[in-house]
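Per-chain residue numbering starts at 1, and chain names A, B, C and D are given in the order in which the chains are listed.
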């Protein structure tokens, strides 16, 4: 059993990982064809992976409702709104779930009039909090933070029409900050992070990193 | 009037046609590094070719023709040095021209693609206006499938050697302790914990929003272990806020273990490691409320944060808490830097966790990456110096083709 | 009744009155489009009530959003992929669509279904086979591509010949930035002496780039706010 | 005194910001927008594709409702630019909640220019997987998208029937609210197929993409609402982004004033604390 539960997945990860690396260097059509097939399969597995997220979301709120935890009523609202939307999605403007997606209908209405305004508003609230933080907490506590704030102010002025209106210096300086020091630092970060991603991928392929196997004892 | 102009044009045309020469040294061969879809033609560049001259490529499936057109190339452009991925870097490549042929057009039809492993016959005609001079006999070539993309050779070597370095260092780390420098953020962390003890107020540890499969969360849990050990020793209250149920379970385990190790299992209460909320802004709002009520002396925020970072850090500042943050979310780092007393930036978070956990695979991998960075630094310095001295060797090796 | 409750009722009343006026004056059409604008405006204001303080109205809108968004994503996974690619080609009359059917698609389907065993304590281990494919292939594809796109392609523009010109100076400055940032994130050497100085320079570069990100983030959040205010003033109230 | 000023109710600050946004919108006057090189490069690329004739552009929608105000105006302007030059457009979504937004934009602009679905543009919808969709599409568009969003086989649509790989596109533009450009399109698409890649991204993402622009992996980029306003100016059709620029300016000034004021008080109070 240990072989099936532990060794087999690790062998599979190793084999698919090595194939994933090798086909990059092989232009032969059989290798490229293999890449196409493996990618298409992985894409479909990704579609199923959505249900993992959906299940844990619904499960979490279900547990709250069942245990009557504080604020369980809101968890019920998640269920109600989910149910309402799923009804319109499956109804599919009258054609049902076993036909291609409809161009309009209740689900489109709910998307445009509920999901879009809520999503857009949620993040716009941050504009207010950033303003209050600007006044109360963005402090040049250290020389480093001072450099950060000065760069931020120049960029903020340079990127909007009023900056050019005050002086041509601001757009030019903002552009230079973005293109030279910012670019250089971001490149340095990118090189380091990419090496990190390569190293993590390698640990997965060689079975050194196994967190993807999930918890639970063997 | 019109007639005289036409005569003039004809005269001009025939005059320049004198400069038109048949292509010399014409060769056709399979294009390297592809799946058998094209043939590459090369020929010596005619430095004296008149302006406006073009080479017309002709293809036939039989050596006797008929020949069909397959594109044209300006006599002035396309030196082989333009395509190092196919030809490499050789000094005479400025003197030869090339074209990759993938298809040809029969009159009145859509273009036909070249078939793999079938003989085709190629001819080249130098042309200017109506005048044209053809290369001699047609040259035969086949488009073949290739098994290795030589343009990616540098990538291949780099991938193999970097992989070897990482794996070797991980195996070294399993046998002996590897050195990494002390992380200033960890000392700041100790100070902050000490202050909470002096003030007799709680410490609040806030997890980021990612699940247990992310390196930032794993690092945060490792740091939480150390924090819990200290608070158990100092007898300071510790609250741990979680967003993800799995992270919650792991955190409870880690804190409990730390209290056990410190010999204070009695001081551990499961209620102090809690699920604050499962929606981003509710999470922030719950913790804001808690901070204002309980006034923790120290806030520790570790893991991957999104926009809620600002709400958390701002409230922390207004209640006068010492704040230590650590995240690999570069978009949120600016907010932490301006609101927190100390911030572990990006990879520093992983390094701090590897430093604390002393786990061989983390330490070894970190060390291997360090070697990778050292190589990149050396290449950057040396490569630029050499390139400035007109020795482009390193610069060519470290390019993507 | 406390102050907050009175405030709440007053706001709801005002919202109803404004919408009543808008409908009566013909500013908003009395159909699904008009209702849509009213619903959107109501949810927008409910979320903004968070600015006053955390309250049930905000929490309500927040949770509605979570439920709706999850179900919408379900639709986008179901129609084009699960139904469209796996089921439809088998049952369709359309010959072009039927031609996309393939027995081989059983492989990812089985892997996908195995993935869902993760929540079972008895069969959970089966999901590891799917995860091994998912994570293993992803890791394999990533390695050569990251080396090419994010290492080699990023190194090349910083390996140019230097010259005594503005471009040359910029190249030097970029070089100093890249190298010093790499040294800052170098963990094998203590940050003292020359290394300490270089890593300090690295911090400065990092801070300028964080400053740029900071300024841009503020700009972005304000843009989102402007977008919502445009909606409220124009689409809803028709004041613009 | 200073402490009291620093600790004013933050709702007062919120009111300031709201006024800073709303008043310029109601006054309706516009400041001149200046074009930056990275926006110009996007415009130039589309002009070049148009000049070469028979061009086809791939638009990738990788954003959601939360960034609609920033990105939707870019989408509209780019679509207008493409359709005005009779370029063919193929649209795909890499985020699920982009589908409704992409549909809305395509329907609006195609109606303006009288474009016909299937012949002039196609909407392929959402496929999960991000980077892996790009790998799949690079090898074979028809394998990644066997059907369009409405169930028609992609081999039947005039626009997509002759497209085989990402190589066949003259320009690919990703509209990004996350790391879809730097972690998906560049390493998994552009790296192998070398197509010209452009980005229309949120302001938050823009600074991170600079290294790619410098290396030429990205042709150009529209960054945030300011980038959207620039593009509206370039195509000569001012819209919501242009209208927002005055508010954007005024709120930036307010924010900068807050930062300066806050820090000034911070240093004064620190000095007085030290001298006591």
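To be clear about the criterion, contacts are C-beta pairs under 8 Å (C-beta built on N, C-alpha and C of every residue); 3 or more make two chains touch, one makes a residue touch a chain.
Remember, predicted model here, so these are calculated numbers, not experimental data.
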> What chains, if any, are shared contacts of chain A and chain D?
Replying inline: B, C
> Hey, which pair has more contacts between C-betas, C-D or A-C?
Replying inline: A-C
> Between chain C and chain D, what is the separation of their C-alpha centroids in Å?
Replying inline: 13
> How big is the gap, in whole Å, between where the Cα atoms of chain A centre and where those of chain C centre?
Replying inline: 5
> When the C-alpha atoms of chain B and chain C are each averaged to a single point, how far apart are the two points in Å?
Replying inline: 20
> Among the residues of chain D, which ones contact at least 2 other chains?
Replying inline: 7, 14, 17-18, 66-69, 97, 100, 125, 127-128, 132, 135, 147, 149, 151, 182, 191, 204, 207-208, 211, 214, 224, 226, 248, 251-252, 255
>> For chain A, give me the residues that contact two or more of the other chains.
In response: 21, 24-25, 32, 39-40, 42-43, 46-47, 49-50, 57, 100-101, 111-112, 115-120, 122-128, 130, 132, 134, 136-139, 144-145, 148-149, 152-153, 156, 159-160, 178, 182-183, 186-187, 189-193, 195, 198, 200, 202, 212
>> Going by the contact rule already set, what residues in chain B reach two or more other chains?
In response: 152, 155-156, 159, 162-163, 281, 318, 330-331, 334-335, 337-338, 346-347, 373, 376, 400
>> Quick check on the complex: what are the chain C residues that touch chain A?
In response: 32, 35-37, 39-41, 43-44, 47-48, 50-51, 59-75, 77-88, 91, 104-105, 107-109, 111-113, 115-116, 118-119, 121, 124-125, 127-147, 150-151, 154-155, 158, 170, 173-182, 184-185, 202-219, 221-222, 224-225, 227-228, 231
>> Looking at the complex, which residues from chain B come into contact with chain A?
In response: 33-36, 116, 145-149, 152, 155-156, 159, 162-163, 166-167, 170, 212-213, 215, 218, 245-246, 278, 281, 307, 310-311, 313-314, 317-318, 330, 334-335, 337-339, 341, 346-347, 350, 361, 365, 368-369, 372-373, 376
> Considering the complex alone, what residue numbers of chain C touch chain D?
Replying inline: 51-52, 69, 72-73, 76-77, 79-81, 84-85, 88-89, 94, 96-97, 99-100, 138, 141-142, 145-146, 148-150, 153-154, 156-157, 209, 212-213, 216-220, 222-230, 233-234, 239-240
> Which residues, counting only chain A, touch chain D once they are in their complex?
Replying inline: 32-33, 35-36, 39-40, 42-43, 46-47, 49-50, 99-101, 103, 108, 111-112, 115-120, 122-124, 127-128, 130-132, 134-140, 149, 152-153, 156-157, 159-165, 171, 175, 178-179, 182-183, 186-187, 190
> Residues of chain B touching chain C in their complex?
Replying inline: 152, 154-156, 158-159, 162-163, 179-182, 184, 279, 281-282, 285, 288-289, 330-331, 333-335, 337-338, 345-348, 351, 366-367, 370, 373-374, 376-377, 379-381, 383-384, 387-388, 390, 394-395, 398-400
